[in-house]
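Multiple structures are listed underneath, in structure tokens.
Shared chain: subunit A. Partners: subunit B in the first complex, subunit C in the second.
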Partner chain A sequence: MIDIRRQRLSEQRFAFLILLPAAVVIFGVVLFPLGTTFVYSLQNMELISEEKGKFLGLLNYARVLGAPWFWQALARTLYFSVVSLAVETVLGLLIALLLNTRFAGVGLLRVLVIVPWATPGIVTASVWRWIYNPEYGVLNAVLTRLHILGEYRAWLSDPFLAMNMVIVADVWKMTPFAVIFFLAGLQFISASLYEAATVDGAGVFGRFWHITLPALAPTIAIVAVMRTVEKFKAFDIFYVMTRGGPANGTKVLVYEAYLKAFSNLQYSIASTLSYLIALLVLGLTVAYVKALRRGEMA
Partner chain B sequence: MRNKTIVIAIVLLASAAGLFAAPVSINALFMKQAGYQEEDIIGGTRDFQAAFPNINVNLTFVPYEQLEEKIITSAQAGSYDVVLSDGPFTAKFAQAGIVKSVPPLSAADAKDIFEGALSSTMYKGKSYGMPWLNDCKYLFYNKKILQAAGFPNPPKTWEELAAQAKVIRDKKLVKFPIVWSWAQAECLTCDFTVLSAAFGGAMFDKDGNPTLTASGNKKALDYMVASLKDGLTNPSSLELTEGDVDSTFIKGDAAFALNWTFQFAEGQDASKSSVVGQVGIALIPGSGSVRSATVNGGQPLSISTGSRHAAEAWQYILYMSSKDFQKKYPKNALPIWKSLYDDPVVIATAPEVVKIAKDQYSYLVNRPVVPFYSEFSTDLQVRIQECLQGKKASDQALREVQAKALELAARK
Partner chain C sequence: MRRGPAFRTVQYLFALAVLLFIMAPVAWMVITSISIHRDIITVPLKIIPRHVTFQRFVDVFTNPENEIAHAFLFAMRNSLIVSASVTLVSLVIGSLASYAFARLRFAFRSSLLYLILFTYMIPSVVVVMPLYLVLSRLGILNTRPTLVLLYLTMSLPFVIWVMQGYFGSLSKTYEESASLEGCSRLQVLWHIYFPMARPGIIATAILSFLIAWDEFFFALVFTSTLEAKTISVAIAEFSGKHYVDYEMIAAGGVIAALPPVLVAVIFQKYIVMGMTAGGIKE
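Right after this comes the complex of A and B.
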């Protein structure tokens, strides 16, 4: 009896020991920076400042929230998130419905559709930058040859157009993510439901509206939560394609934080901004999860 | 018994290692881009190690865009001893304690280096690096297009350039005669620095007070707006950086372009260029009493604050910027030393470029040497772009940049 207990204890100790390095790493690279960033957001941590290290309390938060550039960047981030998410969801649903039917080659298509999503963000952004190139980009060549466009145009030279062109690139990359989730959701819907509905005289749209959509609602909500969080953090695509330009038209929150920290050396403002972004994302996630729970109870 | 043997072996090994003086290892950060190429730097480093066998140099290459971030994030840890900096970073890095100050050069050496290159390493009377990569923008023109338009010589003033461009446009020799790097990036500030100085303007006075509303700056901005409106400037310029300007020019789609030295070699490279033999390089035009003005694109080598081998790092920097190194590798970057421009080896690499370079370097203009430069530059780019897009008048845009600069200068 005693022997077994001793063995168990040492097993626990062993488990603790082998988990320790991982724990140290996680605390070191996640919790410590989180704490330091928060402390920075309460201080003057502008490296070129003469008052570096001075405790400012919530002044940085007041400064950021009172600055027009913050609200402009937030508006751009929201526009980017909402529009790209809406397009990705609708497109993703349509493609998933198509790939859920049986036809020759559907297996291959299901594999191919994942390719854009599997491509690294930096690569996607570079490829789209070339596609949009005003002088030798494929988009101009195709559109002029199809006589849709009279002459070559500069796609990333106008602030609003540039944002929409970035959204197109993001939609191309991230729609497959929605497709995979929706496809999985669709396969859980029992075929007998559709058969019953058909017998009752429901048409294609009726079946979609009353069976498919309600059954997929939780999946749509999950995709929406995950993608919103990701979109608020979008950085690589802007870094490569537009660097926030033209005329700040694509300067989203995270890119703004990056510039403040690594170009302006304003670590306190960048930390404050990072915390505000995290709070926003947290708020959105809580709202989504609540909505999802309410939906489940109804 | 066995344990004893192991202990003795370890002690013996340790003392044997102590007999040889451990070489010092230093880490150096360079960029993989225009100017000196990787093989030049590797070659020079090998020569250095042959001369100083006790200093071992590890090289890291990153794209220019990552350079600043790498220097800043590694400064405290001292991951790199030697870092390739950039002129506009000097004031900021010095003020924030990112790089160390370095010993002054001898009077003779200082006199032999182009003044603009040397002053870009200075902040508040101290030197924070050694000029290493020398570069500035030049006027590139397409000889064939200019001849077809009836101009035997490139323009000497910006007004003349506009007049030539009008003829070229009207004769439909090329759709848009001029191409610029006016994307919202550092390259836009570079082009504005050139034009502002050419029209007699300056963004800051000698004491670092902003002077954006000076008439030369407005003339420069108005020139940009007019050339865009008149269809002389390629409207795509608003999203182009230097690499794109190069692609456009060597495709033969522009008669004029401002760019760094590398475009000359690109234009002669038959595998990429459709204008081989047609590339002309000239002094950047001036206006009125200003003969010419160009922007300093030179980059110094500096010592990171966290370096634990500053003396060895400085030795390496001096070697890499020495006349020996710069004479041995003149193909991709021209020397910082004035006297080397009369050296037959250097001249032979690109006679046409060396001839213009020697003249052009006398008109080097530095981008503002202020610690808040990055923030200022970003703001300037945005206001200029708003102006180019017709959303703001030039004087309003400049007034706004002036207000921003005053605010940045007042911030403690």
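Right after this comes the complex of A and C.
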């Protein structure tokens, strides 16, 4: 009895020992600053203020939540996340279904589909900015040659259009991620299910609706939650393509927090805003874990 | 299943459209990088260049006079050193931790695991201000080791999350017989778990490398000179200048994209495995 307890204890001690290096890094570089940011958000941190360091309670939160720019940035973040995610999911599903069939060159296409995903975010952003260039951009050149466009357009000069053009670039980079997941999921659906459905007279769409989609539902849920978190974190694509402009049209929450901290030096407001972003992400993480559990049970 | 000619046609047209959508931006970047300036700014644009030059790539490796080319060379070196270090360190530290999560019983096991998942999800901007103040007080801004430390917080949760699942899926029989033979826990880990988990280790190594290579936010905030600046920061910097040398930036883009794209294409099988096992990494 005593022996077993001692063994347990040493197992626990050994576990904590080998967890230590990872714990030190994660605690020191994420959790400690996370706590400090929270403290900042409750204080007056403005550098020039005479009352720097004064405890303000939730006043900063009231300030941020009462500011129109916060709700505008949140709306833009939601628009960016929802639209790009919807397009990526639908497009990803279609491409996965295509790559799951047999045709000449499917092997090559399966390899190439990973290329945009592997291309660094900054490279993606600068390539697309160059493609959209108003004077020399290849998009203008191709569209005018095809007579789709009468004259050259400045794709990133209109606030709403710019947001949608950023979404196109993001869809280019991240659709492969969905494709890879869906393709893996498709491989678990047994062919006999399809055959049985065909015998019962189900057409292409019937089979898709009654077999493929339900089987992929847990995978779709996992990808959707995971991607939503990443969408909320998106920074580099906005930094290179639009810098939050034109007329703040692409200023999302994370970009706004970056500007408040490093451009305006409004540390209190930036910390508060960051914390609100962290809370949103926490909510999404909970949703993610739930989706994972459901996926395991299915 | 029999497919009619209509199905075949749709299939090939769609495949062609996908191929174009995926490869056209990459192709345009490559074409820009080997074109001469005059051809690139011709209106109407000629998509197939008339003159081809590889001078920009030669400049990157041999010409210290060309400011941008020189910056790209040093930034590439920094990116390589930082990404390789992150991969190595997160594998060692991460697999130790994931063995504990997969095989040992200890207090708060599952809460700790979810806490780690949560730290992976935190946007960098949330922790950046305290980090900046602390690191500048310590005088270690703008160094490669600092970047490595910061990137570990992104790769470690991923490695731990994937590897603990992988270790957990391995059979316990070998481990039990090895400890009956008198192997210590570390020996079991080294001689039994590591060899058996090789595919998982390769997968997480590749994804750690890709995560570190792709990172931009911390590199932007914490590096300022060629001592530590990564290739992403160098490219972002030159594409933000008032006068933009599109061809040179395209060349930088080709160079920056080459390592991760090659790694992804060659090790695709492992990447798919790692991603679907862990269900993380953007």
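Here is the rule we use: the second predicted complex is superposed on the first by the 261 of 298 C-alpha atoms of A that agree within 3 Å, B and C clash if a C-alpha of one lies under 4 Å from a C-alpha of the other, contacts with A are read in each partner's own complex, and residues count from 1 in each chain.
Here is the rule we use: a contact is a pair of C-beta atoms (placed from the backbone, for glycine too) under 8 Å apart; a residue touches a chain by one contact, two chains touch by 3 or more.
Because the structure is a prediction, the values reported are computed rather than measured.
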Practice prompt. Please indicate which partner A:Phe16 is in contact with in the superposed arrangement: first for subunit B, second for subunit C, both, or neither.
Written response: second
Fill in: Which superposed partner A:Pro134 touches (first subunit B, second subunit C, both, neither)
first
Practice prompt. Name the chain, either subunit B or subunit C, that contacts more residues of subunit A.
Written response: C
Item to complete: Based on the superposed arrangement, let me know which partner A:Phe188 touches: subunit B (first), subunit C (second), both, or neither?
Response: neither
Worksheet item: Touching A:Phe262, do we find subunit B (first), subunit C (second), both, or neither?
Response: both
Worksheet item: Counting only touches as set out at the top, which of subunit B and subunit C does A:Phe205 meet: first, second, both, neither?
Response: neither
Worksheet item: First (subunit B), second (subunit C), both or neither: which does A:Glu51 touch?
Response: first
Worksheet item: In the superposed arrangement, what residues of subunit A touch both subunit B and subunit C?
Response: 133, 135-136, 243, 262
Practice prompt. Would you mind writing out the residues of subunit A in touch with subunit B in their complex?
Written response: 46-51, 133-136, 152, 154-159, 162, 242-248, 259, 262-266
Response to the item:
The answer for subunit A against subunit C in the complex is residues 8, 11-12, 14-16, 18-19, 21-23, 25-26, 29-34, 36-37, 40, 94-95, 98, 101, 103, 105-106, 109, 111-131, 133, 135-136, 138, 141-142, 144-145, 172, 174, 176-177, 180-181, 183-184, 194-195, 198, 222, 226-227, 229-230, 232-233, 235-236, 239-240, 243, 254, 257-258, 261-262, 267, 270-271, 274-275, 277-278, 281-282, 284-285, 288-289, 292
Worksheet item: Okay, in this complex, where on subunit B does subunit A touch?
Response: 68-69, 72-73, 92, 95-98, 183-185, 235-236, 238-240, 244, 247-248, 251, 253, 371-372, 374-375, 378, 381-382, 385-386, 389, 391, 411-412
Discussion item. Can you tell me which positions in subunit C touch subunit A when the two form their complex?
Written reply: 1, 8, 11-12, 14-15, 18-19, 21-23, 25-26, 28-29, 32, 40-41, 43-45, 47, 93-94, 96-97, 99-100, 104-107, 112, 114-119, 121-131, 134, 149-150, 152-153, 156-157, 160, 185, 210, 213-214, 216-217, 220-221, 231-233, 235-236, 239-240, 246, 249-250, 253, 256-257, 260-261, 263-265, 268, 271-272, 275-276, 279-280, 282
